[in-house]
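These notes open a run of structures that come right after.
Two complexes follow with chain A in common, the first pairing it with chain B and the second with chain C.
For the complex of A and B:
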């Protein structure tokens, strides 16, 4: 609306800020999240105030949150990365094998290896998508099969058990700092870094430009290939990080680690307001969407809904949020047209 | 290649060069024929080198195991040609399987009646997809990711972790029976009928021309009199109805109705369709390629299984095939561009090349 009027808005900055906040998707999803937490806590106070209530509330979404951050950055460029679940599984297994082969490996080094390994797998996706000029959906569907297959044939019937990994690593999964779980802190630090980059840095803004209109971005002289490549490397390294965290959190890595997580990550991003056709949405939204998905899954049994219905609720949420987006955008368009006609 | 070379960044469209080749080059040098040739090669190689591959049981199990993929791939090809996608098919399979189980065993309906209701449920599920995509105008990728979770959740929610396994032997036997004394199972009959129907629908009817037109340019399709929304709606309903039929089939074949039946099959179907030469951008594809794509995956699977390869290695091969098949279009386009540039064929082409290399001019 403000683009149509040349003079600054008459509304005071405070009210504009308030209006912006009321219309923001992130805040809407956050309110739903708080309502879910409140309703569940009223039903059963252990959900929040129990022995592990607060810890689980923060700890369980951490892994999906990181995946959703990576996924959102890819979706913003009008692509999608379906291979993240397989990358997560493969990296989690690699983590276990590193500890089995070299029990004394420093934990920091393992995290770096996980990031680098995930980034390498993401680079493969990025090279194929960006240079091959083929749709990401197909390529990452293919690499999803390939990475999962490599993982399963490498692991065979072996699995990594808690006894294979050092205590200093496993304790990260439950360790807390000022009563906040360490893994959640890691996730939030990653979220803030990526979110800040996408919000302010040139590279980040260019991802939005590419997603809004790839051809226009190319004509404008943006380095589309390189940016898309970078987005896939980011998504891969996030999945790698999430893989290491999965190993630390659960202690065992079985063959179904990360199975079907890719769709949850896409779902989290969509619920959080990242448009599936690129160009809009934030990683904050995707992160809150991830928290909402995980928390609803944990809240349903407490609220007396059998946990078999979780997936149904997730599906309804995804559809509800895209329908809502559509309704809001139609209303916004109508208002803009009205404003133009009245001007 | 006869195909219009369409890439993500620059839709080159049909060039006159595409018609400068003789008709036999245009019919034989296509992706569909390449996939069929590959299928024949793999089949020939497997018959010669893989022990037991030549036995009649191979064809029998090949048909039994890939029937649901083949059935769903037919309407899915049409959906993808319009430029949309349906990720919810395997969830509809699961939902229909659960419906048959519950209606037959808890409500006491006969199998045909339960099956009919399951197909109706499938049609409703498809109508919801189609309504949201065709009439509300939401992106099909997002809608069907949502309904994939929702329909699967409904299936799992209705049955929980239990399974209905007590089906009349008459019906479970029917699903695995041979046709007379041939090596083909009975399920081949509906497949052949549906293949004929879909070949007619896509390649020989006005509806099918509309499907291609929508995929190439839906606005142009609208202005040339194609009812874009209705076409898409019908396709999504058809896809879900056939998925529901596939759900009845796998319930009877495996003898159990479970919420997680056919999990992950949507990706197998899409992989087969794309391998068969249907463009994910829409507007291009042919059913003989799709059928060859499904069979190619099936033959590779059964040959590798007979050689005692694990399902993991098979997955790697299928994934690599999928990536290679889409990359091949890009590589061929790039090669022919390079060749054209070197030969300096036609000023138009050179001007195009200049325009893409310095876009600001």
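For the complex of A and C:
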């Protein structure tokens, strides 16, 4: 019968794991990331071994990493969430206002409020996309401007300053635990939770199924609407969490907080191997993609590349990774066809 | 109703009706399936078999009639509900998730859970392997569904149905794209499922298979129940007569036309994995029918000839001149017109007016100083619409509001306005009511009479036999027969179209897989 099929027993689990790892996108992006770090460190050892080198390496990508995790979950379902930058800004400002109104608010409560607020804004996106049957690109483009507009009219020319927030909160932005920044630990914990859910839970697998073929998902009798809703709520709450972290990290929140971050989050996911048409990719990849994006932006000046070229490089990275995907998939399809024709 | 199977009734449909807008898909349809029986459902394309099945599957809701499953009245509002009740449907085109592993495809939505509600992958793979072993196939449970042959995709669907423990399994033309060995394998599986006491419904156009596999046969025609008989007490002739119910000649009035010089010459056209070494000629005044099973590569050949898709080698010549590959504008300039299969998606701008649609291809010639007015469009399209008797009150009516037949006429008008030498038409009458069908056929016949060369792709055998001066049969991307009108019989065409399905013709071990 099928000549393509491998006898499962022919391949040992260890070899299968190794083969999978070598071909995986996550490993490839991680290697690029390590090369960038290595090259930059060779040029200027302060990049890694300076006073704050190690800390910055982990701290700077933390916020984008969380956004990328949320964004990847949405893209996997063949949708996209462009409102995350505005949600982040709005939540960051809300955090400041909470501390101004109630200076004694516990830090944990602020985080929970941020998560819930982001989730609520994500729910609005999800409801519009899942029931309105309008492409997410359009809906979230709209809510991106709406949320930003609400933010502008609320904040006006005011801004939240570091003096408005308690030290216990602000110190989170730079605090380290075993020389690892706390915010990075938060990001990794979130990443592990979401990654674990997507890999091992029915709900997580169904997100992939929906993105892989929405019509088939309907025929399978999957709860498509509910799952898409959940993905947007997750993305919104990730943006909310990132908003609170932004407030802690930078201390000041003005009305341009989070501007354009949504595109960076999409870029990070795409670079990390999340297919823009859904169905494949992992949050691990998106997270490494986020680290690569942020680190490259910091590394280029050290390497002596002018400002103008930094954005150029990011663009090349995104297009390069998509072209790579395309070439690999064409090659794979050719191989399958040849194997069948020669059968 | 005579029944050959005697088990308890699994599924009972009585006088089920369903309409889509003004189009009646099912008038009054009945079907009774018993446990331990393989029940054939046959009928021409458009007889309403697929609609009936989609009602059972919970995709559509019936408008009227009784629907009982396992003795209880049911009314499925979703595919999930019908699946939960124990109905599994294998569609013509398997619906799998290409990015996910075959195992995940089988268990999606009901994966075995281990501790902490986490998916127990080891158990899932083991279960999938045992399913595959039982079905006698070797498929790596970890491989993605992408790239599986249609036969293997169907095996996955069947594995899904078994793991669901479905009491009713419906297969909608599962053998359409299978080779002989694969068909045998499928039948072995179907028989073993029958012996376990499940009810099976098998839809097929291949009578040898129906008689080989099934014990009961129900015939449908034009959305109505015609008859149910035990297979042993009926014959192919009897069933065909009931399916058709009319003389072929009345329906397809092809008038003889003078055959002129070669218009289209295709030589050695090859596209890896799609079609191989395709050569044929279409002459002026000739209608050449391209017959074959769904998925044989007929539309792909037409698309390559018209320059929509690229091809790897070979040549296409119009009136003796080479037509460049993958260049639709050059093809139109050379005098080709292409009326695609799916008129709503590929043939029409359904939101636009009739006039704009008709004038769409010739618009550059109509524009004055780069400006195209509605008045010009109406003037240019009026005569064409009138000639084709498009039933529409005004040329500025939106195409979306018209019936399928009239939409098809608009598409034909659009291309006739380019005054082509060659008309390629893919499934000219799919989804069109019988009256308009005859009009479309008369129109094609007239056009050929005026010296146009016509290449007609059709899955409806009577249409091919009635209309075509010559029938080319495509099987698995190759032309397997070139039959003149007088020699063309349904048996000859079907034989060529299912060449690979004849077990005698193939070496047993190495079967070429059908390109998807």
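By definition in this document, the second predicted complex is superposed on the first by the 330 of 343 C-alpha atoms of A that agree within 3 Å, B and C clash if a C-alpha of one lies under 4 Å from a C-alpha of the other, contacts with A are read in each partner's own complex, and residues count from 1 in each chain.
Here is the rule we use: contacts are C-beta pairs under 8 Å (C-beta built on N, C-alpha and C of every residue); 3 or more make two chains touch, one makes a residue touch a chain.
Everything quoted here is computed from the prediction, not taken from an experiment.
Novice: Kindly classify A:336 by the partners it touches after superposition: chain B alone (first), chain C alone (second), both, or neither?
Specialist: second
Novice: First (chain B), second (chain C), both or neither: which does A:212 touch?
Specialist: A:212 sits against chain C, while chain B stays out of touch.
Novice: Mind working out whether A:279 is in touch with chain B, chain C, both or neither, as first, second, both or neither?
Specialist: Only chain C; A:279 stays clear of chain B.
Novice: Quick check for you: in the superposed arrangement, does A:221 touch first (chain B), second (chain C), both or neither?
Specialist: Touch partners of A:221: chain B and chain C.
Novice: Between chain B and chain C, point out the one touching more chain A residues.
Specialist: Counting contacted residues of chain A, the larger count belongs to B.
Novice: Quick check on the superposed pair: does A:314 touch chain B, chain C, both, or neither? Answer first, second, both or neither.
Specialist: After superposing on A, A:314 lies in contact with chain B but is clear of chain C.
Novice: Once the structures are superposed on A, label A:202 by its partner contacts, choosing first (chain B), second (chain C), both or neither.
Specialist: A:202: touches chain C, not chain B.
Novice: Answer with first, second, both or neither: which of chain B and chain C does A:34 touch in the superposed model?
Specialist: Neither partner.
Novice: Could you pull out which residues of chain A sit against chain B in one structure and against chain C in the other?
Specialist: Residues 215, 218-219, 221 of chain A touch both chain B and chain C.
Novice: Per the contact definition, I'd like the list of chain A residues that touch chain C in the complex.
Specialist: Interface residues on chain A, with respect to chain C: 1-8, 16, 200-202, 205-206, 208-209, 211-213, 215-222, 275, 279-280, 332-334, 336-338, 340-341, 343.
Novice: Report the residues of chain A in contact with chain B in the complex, numbered from low to high.
Specialist: 80, 128, 132-135, 137-139, 141-146, 148-153, 214-215, 218-219, 221, 224, 260, 263, 266-267, 270, 276-277, 306, 308-319, 322-323, 326
Novice: Quick check on the complex: what are the chain C residues that touch chain A?
Specialist: 59, 78-81, 83-84, 91, 95-100, 104, 108-111, 113, 117-119, 125, 129, 137-143, 147-149, 151-152, 181-182, 185, 272-273, 510-513, 515
Novice: Could you pull out which chain B residues touch chain A in their complex?
Specialist: It comes out as residues 7-9, 85, 132, 136-139, 141-143, 145-154, 156-157, 159-161, 259, 264, 267, 270-271, 274, 280-281, 310-316, 318-323, 326-327, 329-331, 359-360.
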